[in-house]
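Shared between the two complexes below is chain A, which pairs with chain B and chain C, respectively.
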Partner chain A sequence: MTTFIVRRLLQAVAALALVSFLVFAFLWLLPGGPQQAMLSGAASANHLHQLRHDYGLGNPAVLAYLSWLGQVLHGNLGYSYVENASVGSMLAASLPRTLALMITATAIGLAVAIPAGLAQAIRRDAATDRVARALSYVGYGMPSFFLGSILILIFAVRLHWFGAEGPQSAGIAGVLTDWRDLTLPVLTLAVATVAIFARYVRSAAIDSLAHDYVRTARAVGSGRRQVLTKHVLRNSLIPVITLAGLSIPRILAGALVVESLFNIQGMGWRLWQAAQKHDFPVLLGFILVIGAGAVVGSLLADVGYMLADPRVRFRER
Partner chain B sequence: MRRGLQRHGISGGQGRPEATRRRRPAALTGGLLALALAAAGCASAGSASPGKPTAGGTATYALPPNTTPNYIFPLSPGVYFSVVNSSNLQLLMYRPLYWFGTANGLPYLNEQLSLAYRPVYRKHTVTIRLKKYQWSNGEKVDAKDVVFWMNMLTAVTKISSSSVNWGGYVPHEFPSNVLSVKAIGAYKVQMKIKGSFSRQWFTDNELSQITPMPLAWDVTTTGKSDCAVRTTNCIAVFKYLDAQSKSTSTWVHSRLWSVVDGPWQLTGLNSQGLLTFSFNKEYSGPVPPAHIATFKELPFTSEEAEYNVLAAGGRNPLDVGYLPTVDAPVPPPGRAVGANPVHGYRLQPLYQWGLSYFPYNFASSDPQLPIISQVYFRHALQLLENQAAIIQGPLHGYGHVSTGPVGSFPRTRYLSPQAGKGDPYPYDPVAARQLLKTHGWTVNPTGVTICRHPGTGPTNCGKGVRAGAQMKFTLYYATGQTWLESALLQLKSNAAQIGIEIDLIPKTFNGVLGVVENGSGCPAGGCPWELADWGVGWSYVPDYLPTGDELFQTGSFGNTGLYSNRVNDNLIKQTLNSSNIKLMWNWQNYLTKQLPVVYQPDAPSALVESINSLHIGTQNPTLAINPEDWYFIR
Partner chain C sequence: MTGKHAAPSLPSPWVSAMRQRSAMQAFRSPTAVAGLGLIALLVVFCFGGPLVYHANLTRVNLLLGNRPPGAGHPLGTDANGVDVLGSLMTGGQLSLEVGTAAGLLAALIGSAWGAVAGYIGGPLDAFMMRLVDAAVAIPTLVLLLLLSAIYTPSPAALVLVIAATSWLSTAHLVRGAALTLRTREYVQAVQGMGGTKLRAIVRHIAPNAFGVVIVNVTFQVADAILVLATLSYLGLGVQPPASDWGDMIAGGIKYIYDGYWWEIYPAGIAIIVAVVAFNLLGDGMRDSLERSS
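Entry: the complex of A and B
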């Protein structure tokens, strides 16, 4: 197992290096070259001098890359001349609220989807399964801006139960404790999560229920609960773990539509704004973080997969 | 003088880009502007709501979507010359020498709110006498502070004769047209001006740019400096202040920016961009006895988000916000606004003092230049621009017809009686078709209209137009403004009826500006465009007198289409040399017939919603706001 994790970690480091290289290479593809692109039109002699100094942009590409990587590794992701703020500070302002929002929505979504999917599999093609499947289709197909708007109209404008905008407090703790403002955006995001994961769990559980090991477990007298939790659920979670791991970049990238609708200055909204304003330092810095998240997510999925499935551990040996 | 293109944020609803108050042509980026509600006068301004004014309280105000201030120093470089930086930040704390926007909502000099009395001219000399204002640190706002600004302006525009360092800069004008500046007393400044000039123009478009600066700002990284006395060290001071101004996280506790002569001090700014202002108790200007004590500007990620908060109300309602155009109720005939969909609020459209238009490209590299150069063609295309239908349709009944090169709303004395009569080119496709036919074109409603009779005679296509030339044009437009996209689709459809093919090419706001200014993405010969619409036209701020020198004169920096007409230039020159209003009327009546641009409806900058319990007075068409005049009513 240790060998497996070490090997995956090394692969992750290589992948991160590749991500950083690609991000840096994008700079040379941008209109006006890396210097103009990073200054986003706010060029002045001082700015250019500072940029060359910080990123070694006057050097050959490899040296410039290493210089830039050194800055990144020291936490300097660049400076937005559009917003007059460091990319790091913008990330620090956006990432916590996006994480709070997305992780909460994903956790709630999983908490509902896993038992729901399992129940659907057990009662396959029964009325409850059919209703749940129909709801799942609706949840999956409903655009988040539409669902969010409906929820706001009913629960914020009409009933005044919840706020019409997301939490405006700084930091994860402030966001998480503001349940009144957190509820509607989380609900909007969770609906799609439930719809997606429930379908995966249902499908995997149906598959598991047909396997010999389930029949064997039943034959040796294992109880219904034990069969479902120890054999069916565990095997059904394998695709869910994979999907959850691969969702990490999505979590980091935020949900543009929900953030925009609920007045949350999160990662998705920031990225969109940066794209609109040609604010390349922000785009690159955020993409680098999201890329790193993708690598870490993949690593976590692999580890989780191995923990859930002994065959993987066996093969790795 | 600011070329209209300010990027002020646009107001709610219109979804305009964030506005930058640039003097570049087009500049207005976006703007939303702030809803600037402002009461230009004091408590007496505007319609008072019934009830008893109450002192104190906090008023919350919605910033335009996706917009937060990012530059605090009022001598702002071009890239930071925006409505949100100016109206929503700088003007609240640092007052200009002359304030524009009267109590009845007109863009004229407001002597009551100005820091100085009306300037006195004698031949080539102007004398400015300051009132007795003071800075929040106890120092007087005096002649040295005016000279400080002038010295810095002179220095920074010398090292870059463009708007790079001062967004309001117009080449060859202020301060290039000032020979000398000196304090001739503690509260008196005297300037000697080059050449002949109109006094009103100099006041409204040149002196209007001045913002006195406190001596506390006369510093560099190494300590105290002397820019208020001589220009030698002004660049170093500017660089220091510029760097400090960009450091947004240090604004609140800065020893520089806390020295204000305006009614507000910045006391809070969080990572989301929420700004908190507290009333400056040392403010020496006029304020009503009861007014709010705290003013908060709230950022929003989208106009939908803002509208949701506005509509939801609840425990902490938004006091001043805006209504997206898509949610705007169509006004019944004869009314300015329709039934307000937001309960407990008052709806008031806010129109910016500016001009709504989009230019033709008269650059010699444009292959369609021979056609565009024909006045009859421009006349025909203007007849296809159905301004009334755009106002009633995409703008939901909120808008005003543009009648010529001077803004038609608010109605000012600058608008000629002829232009005041309404749209000189009402929608008339039959007349447009006839114009083309009588000039040698074969009109093909199912295809493209073609020149059949080239030549320069009265029934020919005109100079340079070849036989077989086709009526095909590209029109770049800025995405993000729903009404604009609908309006241009309508124009495309109208033009197609007589075989004029318009290829609409969407771009971002900055993308359109890049095209018209031949930015980095354009080929060496220039970008291939015949028409370009960034959607927000031109703003007459801080150059409030709508002379044509910045927008239509040959070679002027706002003249993005490179229009050139000697008669027009001479008429403009006359408006700059004399304050006789009839000269301005002569010029605009002439240029209205020349159609150097396509005039389009003037859309509201914002459909402002203010809660009934808050009195906000009259809105200022310059988009400045005066929350020191606001008060809650109990």
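Entry: the complex of A and C
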């Protein structure tokens, strides 16, 4: 078990190094080179000198990469000359909102998707299963900005139940308590999450329902409820753990669109602004953090998988 | 697809006949037929529709702006007085063309990458797939934001950019297929008879992974249509005067507080129909391929 964790950790470190390398390669491949890109054309001689010093840009690419990596590891993600703020401070301001949005939406999404997928698997091909499958097709094909605008048209413009803009307060507590403005963005993102997960829970549950241990449990007289919760559900959730870890980039992309639609100034909104203003330090710094988050997410998912599945836990002692 | 039945001694007409048969089988699935029918309908609507339905799509006429559906404009007009039904047709052309081209290109890049990694194996495979894993960590949409900030988005650039960020899943899939195909006797026979690795990949691995790839193409096209719409919505898609379904929704959202639903719903429904159609086709083909093997 320890060797598994150590090996997986090493893999994660290698993946992190690769992500950082990819981001740095982008920086160098940008038109005009890294200096122009990072200063976004607003370069004075003074700025250029500072930048050369900070990032070791006069050096060959390998040394420049190492000194850039050194800066990043010391928490210096770069400086946005467009917004006149450090990328780190912009990240600190926007990350809590995005996390609040993602975590509430994913929690609600899973709370709906797991029972729904399980119910579909138990009554496979029944009318409810067919309807749910059709709905998940539509949910998958629906762009989240379209779903969000439908919700705004109905619940904000026509019925005035909820706000059409996301929560605007700065702190995470302020965001989470502003349920009137938080409802529609969370609902939009949650529907996308349900569409991702319900399909997987359904097929995983169909898989485990066909296993011998289900028949054995029924044969020894376990009640229906006990078989479903203790055997089917537990075994179906194992692949879902992995999927949850791997879905972080996808949910984050969803959050990006939701943030731009509902004007929530989170990471996605910042990235969108940066793309429009050609603000490369922000784009690259944020991408690095998102990439690192995704690598850590898949690491946690693998460890969680191992803890949940004794077959994996005991194999490599 | 032809799998274990394709012995090395089979003459090529046999192989192609078997391939045709399994392609026919794919279309016996009602799901696949439904998907294909929907795609055909969309193509007729977008490319044939403008031949029958003539509407002003270029001239700005603010007096005619934001009209609800009614006589002369079955789906109303947008803020510039442009007919919504007409732009739904021409916008769809762009969405379908860019989506299909990007999906095909992504599948092509991914297949080549996966086939090489899976067939050659060893350290090269490990390196190539770790690169894919690292790239997967960065959300496609975020990469797209970066790329579209660098390059001015024309339809051709969008095809390249979308393909360049979405081939990873295909690479995984084809590598898996190549790994199993590599051990088959007919592939080993190529080596035994002194054939090159390139020949093994091009003549044997690639054709036999064809079924997996063709199913993947449909999913790639569906995703590409969705990604293109999202980029256009974010203002990073094709630039005016060209416009696609995503642009239309973005235009409608500007007036969302006025409740002009007809500027949002038609294009949104069109996107859903297109994405569902390609997914149905892919699911149907996959089911019948799995059943026949």
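In the analysis below, the second predicted complex is superposed on the first by the 312 of 317 C-alpha atoms of A that agree within 3 Å, B and C clash if a C-alpha of one lies under 4 Å from a C-alpha of the other, contacts with A are read in each partner's own complex, and residues count from 1 in each chain.
Quick note on the criterion: a contact is a pair of C-beta atoms (placed from the backbone, for glycine too) under 8 Å apart; a residue touches a chain by one contact, two chains touch by 3 or more.
All values derive from a computational prediction rather than experimental measurement.
Enquirer: Using the superposition on chain A, decide if chain B and chain C clash or fit.
Expert: Chain B and chain C clash in the superposed model.
Enquirer: Can you tell me whether chain B or chain C touches more residues on chain A?
Expert: Partner with more touched residues of chain A: C.
Enquirer: Have a look at where A:Leu22 lands relative to chain B and chain C in the superposition and call it first, second, both or neither.
Expert: In the superposition, A:Leu22 touches chain C alone.
Enquirer: Can A:Leu261 be said to touch chain B (first), chain C (second), both, or neither?
Expert: Touch status of A:Leu261: both partners.
Enquirer: Of the two partner chains, chain B (first) and chain C (second), which one does A:His278 touch, if any: first, second, both, or neither?
Expert: Both: A:His278 reaches chain B and chain C.
Enquirer: Where does A:Val295 make contact in the superposed view: on chain B (first), on chain C (second), on both, or on neither?
Expert: Second partner only.
Enquirer: One more residue to check, A:His160. First (chain B), second (chain C), both or neither?
Expert: In the superposition, A:His160 contacts chain B only.
Enquirer: Report for A:Ala85: first if it touches chain B alone, second if chain C alone, otherwise both or neither.
Expert: A:Ala85: touches chain B, not chain C.
Enquirer: So, does A:Met142 touch the first partner chain B, the second partner chain C, both, or neither?
Expert: In the superposed model, A:Met142 contacts chain C only, not chain B.
Enquirer: I'd like to know which partner A:Ile152 touches here: chain B for first, chain C for second, both or neither.
Expert: Both chain B and chain C are touched by A:Ile152.
Enquirer: Would you sort A:Tyr65 into first (chain B), second (chain C), both or neither based on which partner it touches?
Expert: neither
Enquirer: Which chain A residues are contacted by chain C in one complex and by chain B in the other?
Expert: Common to the two interfaces on chain A: residues 31, 149, 152, 157, 164, 260-261, 276, 278.
Enquirer: Can you list the chain C residues touching chain A in their complex?
Expert: Going through chain C, the ones touching chain A are 130-131, 133-143, 145-146, 148-150, 222, 226, 229-230, 233-236, 246, 249-250, 252-253, 256-257, 259, 261, 264-265, 268, 271-276, 279-280.
Enquirer: Which positions of chain A touch chain C when the two form their complex?
Expert: 14-15, 18-19, 21-22, 26, 30-31, 137-138, 140-143, 145-146, 149-150, 152-153, 157-158, 164, 246, 249-250, 252-253, 256-257, 260-261, 271-272, 274-276, 278, 280, 283-284, 286-287, 290-292, 294-295, 298
Enquirer: Under the stated contact criterion, what part of chain B meets chain A in this complex?
Expert: 66, 70-71, 79, 164, 239, 246-249, 270-274, 299-302, 304-306, 308-309, 311-314, 508, 510, 520-521
Enquirer: Provide the residue numbers of chain A that touch chain B in the complex, in ascending order.
Expert: Counting only chain A, the residues touching chain B are 31-32, 36, 41-42, 44, 46, 81-85, 89, 92-93, 149, 152, 156-157, 160, 163-165, 168, 170, 259-265, 269, 273, 276-278.
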